[in-house]
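The following pair of complexes shares a single chain, chain A, combined with chain B in the former and chain C in the latter.
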Partner chain A sequence: MAKPQALIEQVRSSVAVEFERRHAPTLIADRKAAKAARHKAKHHKYTKAAFFRYCYYDPAFKFFCEQVLDVDYLPLPEATRAYGEVGVQNSSDYVCTPFKHILGDFAEALDLGADILVQFGGPCRLGYYGELQESILRDMGYDFIMLNFAHGIQLGYLGWAKEVLKTVNPNVDVPHGVVKLKAVAKMIEHLDTLRDYYLANAGFEVERGVFDAAWVSAMDAMRTCLDERDINQAYREAMAAFRAIPLHKPADPIRIGVVGEMFTAIDGRSNLDLDQKLIRMGVEVHRMLNFTNRYLRYNEPNLRVGAKDYLTYDMGPTSTLTVAAARKYAAEGFDGVIHAKSAGCTPEIDCIPVLQKVSEDYHMPILYLTYDSQTSDTGLDTRLEAFYDMLAMKKEKNK
Partner chain B sequence: MLQATDWADVKVVGIPRALLFYRFGVLWTTFFESIGRTVVVSDPTDKAIADEGDHLSVDECCLASKVFVGHVESLVGRCDAVFVPCYPTGEPRTGFCTKFQSATDMVRNTFRDQKLRVISCEVSNARKMKDVRRAFESMAQRMGVGPKDARAAFKAAWDAQRAHDDALADAQERTLRRIDEERKAAKAAAAAGEDARFPLGILVVAHPYITHDPYLSSAVIDSLTDMGATVVYADAMDHERSYKKSFDFSGTMPWLINRELIGAILLAQDRIDGIVLISAFPCGPDSMTDDAIMRCIQGTPILNLMIDAQSGTAGVETRVESFVDILRFQQKGGYVHG
Partner chain C sequence: MTKAYLGIDIGSISTKGVIIDEDRNIIARSYLWTEGNPTEASKNVVRELESQVEGQDVQIVGAGTTGSARRLVGAMLGASVIKNEITAHAVGTTHLHPDVRTILEIGGQDSKIICVSDGIAVDYAMNTLCAAGTGSFLSSQAHRLGVEVEEFGDIALTSKKPANIAARCTVFAESDLVHKIQVGYAREDIIAGLCNAVASNYLNNVGKGKKIAAPVVFQGGVSKNAGVVHAFEEQLGMDVAVDPDGHLMGAYGVALLAADAGPIAQAESGPFVSGTFDFEAMLDFDFKTREIECQKCANHCEVICVYRDTDIIDSWGNRCDRGAVKTTA
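So, the complex of A and B:
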């Protein structure tokens, strides 16, 4: 009789046997390639930049490339399964899921003609994404340069700006760039405010689809902005359009807070459109986690004060935000919280014991969602519906 | 403002024998003993501890973290407080996995209902003596120890740790030298047409809390030694040299221990015959660095093993055996060239 799957002893192992050194023992691009790249960069030969797909920030990325770096921006089309596979196949099995998504995006961008890739840095594994992806893509045969924000962070702000921005454009106009960088920050704030309004109200529109149409045109308006004035103008118009949408919102709707990891909790492609799914159920969604709160206004020690019953130290890149937000939602009487993260995200896994205590103390249910590249859409639907039903019943009982 | 001395009544300090204990354990125990506390280190890992940790942890945690929680549990009731330090990732090139940053609060919340007391300190840069000292001194202050005593205790602890590390590094260096000599002798014998027996040096690359925890790694290490291989531990090699060397491999790698491991590989590669990577499933940093090592380090065969609570010893042994066979075959003339 065949053994059940669980009993078959599984040892994950792999062997690399290569007696000749074909690859330089380093992730850093070999000297010749690096020299050629430097030469081309010096003459500003690389001109088409691409970011990976990330939430709704694409207008800000576009503005950053065109106005700060002074290079063209290559927008990516809707995500496809094929490039997702490229990402999965070329990364190690159990690296966190965003890595695979981003690698697929980069491969796609390079196929579409990009020659500059932009990658962020961060305090967790994210800080190592850039270098590893650059090496993997080079081994795949692509030629490009990467603007990796993780380089030069040990040099302080100025050193970082010099090291990083000049990689792409040696003639980058720093004072001009600073002014435009301020505008980028403004745009991010506006995008987040718009999104917050959308999440809180789109579930209650009288006519289906009006909010989505307004959202699309707001994004289009943001994409065509050239300076801070345009950005403010676009924001005012979009907000006015949002507010003009008729709503039938009950006095006490079901409110759910979304917390979790920076990528998966926000990005629609990674969390299989969690926002949309919740909105379609008629839920008021709140999400403290966004660029504005994590970067522009992030003051970790002060944020931790709000959650000091649970936290002594900063537990990880977004952990304080996760716990503080969950506690805030609980204290404000939200019906439930959804914790979304990618498979293997260590800092967010470590938040779970803390969130369990928050949930216990405030009697508020928390749904824990882990996404990997195989997570199915229907499976998610079922779980969300069950969660919604539970919250609705609880609300009915407590009336 | 007078600093609170709310930990002054902690007389017996429990230290879990897991995670960074294998790296900084000498420092920790010497420090607490020097300020007059009794130290209880939890027993070596066994199945009961691992199972208990598995039971108390979130499913997705890595094996090493589950074992750690099991050790903390085994200390409940055996000490006044458990010492769980926080090693943040603030420094971009000498950080740790976020696990070590969140350990304190993870333990506090997991064991909240048992009213387990946790004492801790926050070390911002583990490579800088003054940074570490500041953290330990302020902890000593909360334990009611005067600044002078705290400083003396820290000095003793730092020196003890350094002496311990140096001794380990020397041992690795001696082993490497022995392999070199044996290889030279074997070459001479082969040239003279005699029956030559080549040594088989294997560099075991894993976090210290994997390599030196027999429950986790003995299956691998024992079968290596049983097959006549000489084992060199990458994590025990000279930390300073390894760390500096690692910048040849990667500019942005954020983790101190992984840096030391990769640096050790680069330093020792020409003196050993094979590399065995061991990681605990699913280790975050290793998921990225092991892939990079497998792709970029060539010229030496590499076996990458992932251990997991379910993996038994038989499966591991088979893999190690076939890997050693590859190496022996290569020594006898091999697959390529002559």
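So, the complex of A and C:
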């Protein structure tokens, strides 16, 4: 049997070893790193979020960042060719054009000081693009936080809420955020209504440029909104301003419906300002495709019922909307339809034979436009001018 | 003295010009290569037209331009009508052939189809991303085979068994062609195969989904190629008419539009300053194009300025009013 003194020593040493194991000594370097991390968390928080440029939804993105995510919003300036080229250079050649534009926008946003990028994914390949863009940007050397709504999509709103809490801001006031999210939806609806009015009437203003000025101030008013009441107020005022603009609209103007892919058919930079070009020719433009109709009120099976002569199944992200809208325009006696897509957009390529059938059945011409990241619009002008001339001559003849 | 109108169609490969009288008859015609110099080519066309109407008591009171250099040459001429080539072709052809239902057109770099109903264009399509099966493809392949492109048609018609050449894409067509040459196919069979390839490429790309109804008129530079005309007739199973002035149809159409617009009343400068077209004024001046990179914002638009001697007579390419260049003439 061991002596008592030895036994005590043995116990003491094992306690000491256990103590050392549980409380490892911190190195001075580690302590410094921990302090730096605490400092960074306090003084250099990731707080400036940026979206990519997308049509006229910038006020809604701003409202979402500031009111829902509770971070600063970094608005992007007018698009320039320089960053467009950054996007093209760092993308695969065969990827669709929106990917290149978005990548260029993200690079620009990071250069301007954003540290959170928001990518909401999309109903087609776009849903995978966030992931890819994040890794390309990291390879380029940028450091940032990516809020990608393609993550958490399986759980719907709950998944997105978790994603936000995890990546951007763990301190988001959830009930407050839900209230503000409702306001975002309201703002999107209002923006779309304003845009629809603008597209239908801006081509007929008596004094040139009045509608554009009213549009810019409407967007500015929307950008300063803090809650749903402000949004409704801004909408009422903008709409009143629109309605007050004197028009000389003929009883039977040339009406063109624009259908196509989510990005290219709406976004002015992607389609080389198709809206503006048509408006300047004096055309009443209609476009069913927008956030309101694609997300907030989207009911694909019911939408398909209206076009059931042409569609049996859901063919893709915006295919039902494209065909249903084209059929609706044809039935309403529109003069023509323009179908816009980016090169290699498979779902919209699938729509083309269906649209040709619609065109044949209703004797309504459809102009098919394919865009890549080109900057020259000479070819587009020629096609649009010819399309307009054709519709105008046809209208004149049928009078 | 008769009033007349000038129409010029400046394409990528060739420049066409006509003068029409008040009864819409062509009284002078010209067809020259553009050779990468649209201003010089259109001057030459105007010179040739002038020599054809010399001695006749003709006064040109209006002008129109079309084709890919329409804006530039329109500025040079002080034209009253500057129209896209699709409209010009439709107008010209429907005037000469009031019953036409389908217009096929293959030019140097582009190809288009126009569907007509009751003398009015109701639908059209134009090649977009790819120039397969256009005139420039045929002429580069003619060069490879060592024949003049003008002889193509006659050689093709002598073939009994045209070679099968992949038509989907110029690159594939070319490698297929090289292969057929190397395994020793007869030259006329290859050329006939090429003509078939052009026709089927056209019908599968530009004409896809369009209803091609008779009567069909085929025009553009390639319509001069009897081999392609024959291939179209065979593939469509209907007669394909080629107008002797088919290659001038764009110029004719825009001259008609200029005639509809009427005489140019008050031109502040340019060849029409006296009310009638002054040939000397246009031929004497030196026209230049310069590109300016606008520095007013970050987009740096390329603004194109057209100079007559030292005066800026037109400019375009700016996206906003900040980049607008004042004309000095």
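Note that the second predicted complex is superposed on the first by the 350 of 399 C-alpha atoms of A that agree within 3 Å, B and C clash if a C-alpha of one lies under 4 Å from a C-alpha of the other, contacts with A are read in each partner's own complex, and residues count from 1 in each chain.
Criterion: contacts are C-beta pairs under 8 Å (C-beta built on N, C-alpha and C of every residue); 3 or more make two chains touch, one makes a residue touch a chain.
These figures come from a predicted structure and were not determined experimentally.
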First (chain B), second (chain C), both or neither touched by A:H363: second
First (chain B), second (chain C), both or neither touched by A:S135: first
Touched partner set for A:L226, first chain B, second chain C, both or neither: neither
When both partners are placed on the shared chain, which of chain B and chain C touches more of chain A: B
Which superposed partner A:P353 touches (first chain B, second chain C, both, neither): both
Touching partner for A:A343 - first (chain B), second (chain C), both, neither: both
Partner chain(s) touched by A:R125 [first = chain B, second = chain C, both, neither]: first
Touched partner set for A:K394, first chain B, second chain C, both or neither: second
Touching partner for A:S92 - first (chain B), second (chain C), both, neither: first
Partner chain(s) touched by A:E78 [first = chain B, second = chain C, both, neither]: second
Footprint overlap on chain A, where chain B in one structure and chain C in the other make contact: 343, 352-353, 356, 370
Of chain A, residues touching chain B in the complex: 6, 9-28, 91-96, 99, 121, 123-125, 127-128, 130-132, 135-136, 139, 148, 150-151, 153-154, 310-317, 319, 343-344, 346-347, 349-354, 356-357, 370
Interface residues, chain C side, partner chain A - complex: 68, 83-87, 90, 118-126, 128-129, 209, 211, 297-300
Residues of chain A defined as touching chain C within the complex: 77-82, 343, 352-353, 356, 359-360, 363, 365-366, 368-370, 372, 378, 381-383, 385-387, 389-390, 393-394, 397
Residues of chain B defined as touching chain A within the complex: 58, 60-62, 86, 88-90, 92-93, 95, 97-99, 101-106, 108-110, 112, 120, 122, 248-254, 266, 269, 281-282, 284-285, 287-292, 294-299, 301-306, 308, 310-312, 314-316, 319, 323, 326, 330, 334-336
